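Below: the structure, in structure tokens.
Here the chain labels run A, B, C and D in written order, and each chain numbers its own residues starting at 1.
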């Protein structure tokens, strides 16, 4: 399986597939289905300084090939994550990427400083793009200046490399990506969810108690591929791609677009075994494509004119 | 069927359902399947000053519950549209909304002035949001100032009401909507396609010859609903909603969000009879919801606290 | 919990919009308990995307059959109803914590209260209670005559009162109008207003309620389905994995 | 053109990844011509979204049956291959303009050249040419032995040469290596490189080529499937409605 290894800042991945933040809790539930050490890494649920209950229910609504969520960053708070969740996860030999959220720059700094000291946290993922919290989150991710600011401050305090999670709800994602790169980000993760809404015909009101929510799942994959294709050509830090990944084929599409690793979110809900299945399906797919190591695929859609294999009727 | 009539600037619609621009040509093909007079109106293919061949093929790619297109505004040019397409369409008693595209403000002015004089053109739809032309299009739609400018200039020369078609590929759609309202737009149409991409595993290159393209279909409906919900609360001009509409239920969802009429695009490709089918399905659906006239539904999701019907297990 | 590619053995319409489906898989056995549910994938492709939670209505452990009853309402259930015998139906299950069958003693009295599409799990519960020698009384409420199902099936297990909201069959009105009964245990599944009304019966005996909530994962990971615990702003329970059955008074309805 | 909810009567695998499906609908008759195609909806729900263009391989107008042959490759065709007899298959058709059968006279000589999944429409064409008393010679190219299909079926209609790219069956190489034949008409369907090579045969007789292109609507409205006309920057043809069959030399391949 050494054909799947990937080296990223802070992360020596045995394979490039990891569950996406918020779609895997802190791993406890999925650990009942398979050995978490099969995963390249684990992106855990967003952590905030104080515990949060999150938004009222309903918190999810289905859409065509997608779903909306407005969980509202429910989490047990930094102290509990440090004392209970991360130590529990440390029984597994798998790198953890801690997802950090907040309402103020101070929040981000405080959580990042402390959580980056946890032994099994190999990298941070700054969630400056959550659409489901009124106070901040999304705003940080949609303005280049604030994205720059929060990244820079967190870099000062973090013991581990910092990945910044970009919001797709912007006119010009490249300028935001460049801003956080300039601020010292070690990598990017993209994309977070698109803002969406569904309305219940019977009540006449939005299905989600919160009104709008974040759209994830296969529906958003072409938007993510487009953005990664754009951004990867303009920055020199690596990208962990996500949005609608369901299969090994999807992973290859992300690599071709310019990702160096991928995360799987919503698909875990449809098939709890999807991450290990995708990991198993990758080597035969590489064979089919005539590729030795998965890293040969990174950015191939724009890097040069070579062709994997000519299509035949 | 008087339960479906809608009055909009320039448009007395017998029902609120019309085909979306670019998905219905100038009506010739679909006229073989049903009487075009069944439609509330027809939004015809974008017209530019000069004829355009458009982009190289492949021009479409499928995605989960959606499709990408990069047609590139292929059209026979203003003169031909005025001399041949519109006169042909005038045999049907159905209002036409002319979709106007260009690369410069001067283009928009020139086409708008002339096409708005055609007898059966009841309104213009300014396409300042086409993702598939390099020179302009999208740029007009993503910057409030230029959107304002082009709208204002076109308003000066147009003989008929002007609707402006908004791009969803922006951070803040409300500010753009307000800018075009301030510039004198009579209405909004939204949304145009989301920018997306798919990559062919076999060739390693984007499927579309153009690289990126516009994402349409059911996948984007939640994004459109969210944007219409936002914008309709902030402007006082009417909105023609579009994006993924396939059924009468979808139409009601758009009305609840804040639309006053709707357009159907991609669904015509899946089912050429979808527009008349939707129109027929609306009255029984209104009955089920206990609604007399469809205009009672406009904006109900945010207008007040009434409830259509309590949901029962 | 397992992911099973079951075979649809039989499917029939048993009332207005109500379907009974029987699934076969060699792994189906008595590990599937009353009050638990299965998470059902409808259709191939990613539309519809999410699984549908459907209660277990009956299990035949020898024949490895599972019966579920559902209302064809939206996209997923309407696809499901078009499946023909031989079709492969992908389910996850058993999920959640069911009714505390083992707690009820032989000779005790249980009232089972179902509302509409909340009725099916109570059938399996009633079967299991009967096996333990519990005296079971059923009160099932429906919208109208056309939506009544499993009348004879329930009658074979114990007395049955049927109510219809429009009075077109059985007693007129809601189930709560038919509850001047004494009991040791009351088990209920149905719409929220019904469950809220039943909370009051805690003074008369032990009350267990099965809740409904929109779900993402169905296994406790996504926090879509949480409900508040009485007396705390932060404490919560997940309907999918802590429930769907809770003792009345534990969580906020 | 009609939208037909056909019934899948029969489906079988006839070569590696190649399936033959027979559809029934009372409206299927000889209005469905060789070279035309049907637009097939795979799966319920909106994923996959678009219809798949599949050529007409054979029509039985009395029994109202239509045969199509397809390669299970991507999302849609892989769903299709799992459908069982009795399933409803939604098709639009007939679409496009087929081969000019009526132009060919009794006694004339026609060569039919098919490549891979371009072979099926030529079967129906050959049947119709034979009915007119045309002498038909077939040259069908495949990837390898495993992908060869309809060998006997074609042989019953006239001489057949089979080529395989890997030489595992019939003649080794491409169809173009087997074309030292004289003809009045050459009809071909297959991959672009093959069609491009066949353009040169215009000097020997009339050549008609059936093109392939990614489609949106399939009926001429969306301009997804256009190709250039030789000698003009602006003139174009739509593969779906002007084609898919064009005379060689008309459009840029």
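Observations
FYI, a residue touches a chain if its C-beta (ideal position, glycine included) is under 8 Å from a C-beta of that chain, and two chains touch if they have at least 3 such contacts.
Please read these numbers as outputs of a predicted model, since none were measured by experiment.
Traced through touching neighbours, the fewest hops from subunit C to subunit D number 1. Looking at which of A-D and B-D shares more C-beta pairs in contact, the answer is the pair B-D.
Subunit B and subunit C, compared by their mean Cα positions, are separated by 45 Å.
Centre to centre, using the average C-alpha position, subunit B and subunit D are separated by 36 Å. Separating the centre of subunit A from that of subunit B, both taken as means of CA atoms, is a distance of 33 Å. Shared interface positions of subunit A, i.e. residues touching 2 or more other chains, are given as 63-66, 217-218. Contact with two or more other chains is made by residues 45-48, 75 of subunit C.
Arrangement of the chains shown, judged by which pairs touch: all-to-all, with no pair of chains left without contact. Those residues of subunit A lying in contact with subunit B across their complex are 63-66, 68, 142, 169-171, 194-206, 211-212, 215, 217-223, 225-226, 229, 244, 249, 252-253, 256-257, 289, 297, 300-301, 306-311. Listing the residues of subunit C that touch subunit D in their complex gives 43-48, 75, 79, 82, 84, 86-87.
The touching residues of subunit A, counted against subunit D in their complex, run 64-65, 218, 312-313.
Touching subunit B in their complex are the following residues of subunit D: 1, 3, 41, 45-51, 75, 92, 213-228, 233-234, 236, 241.
Listed in rising order, the residues of subunit B touching subunit D in the complex are 22-25, 28-30, 32-33, 45, 51, 53-54, 57-67, 69, 71, 74, 207, 217-218, 246, 266, 268-273.
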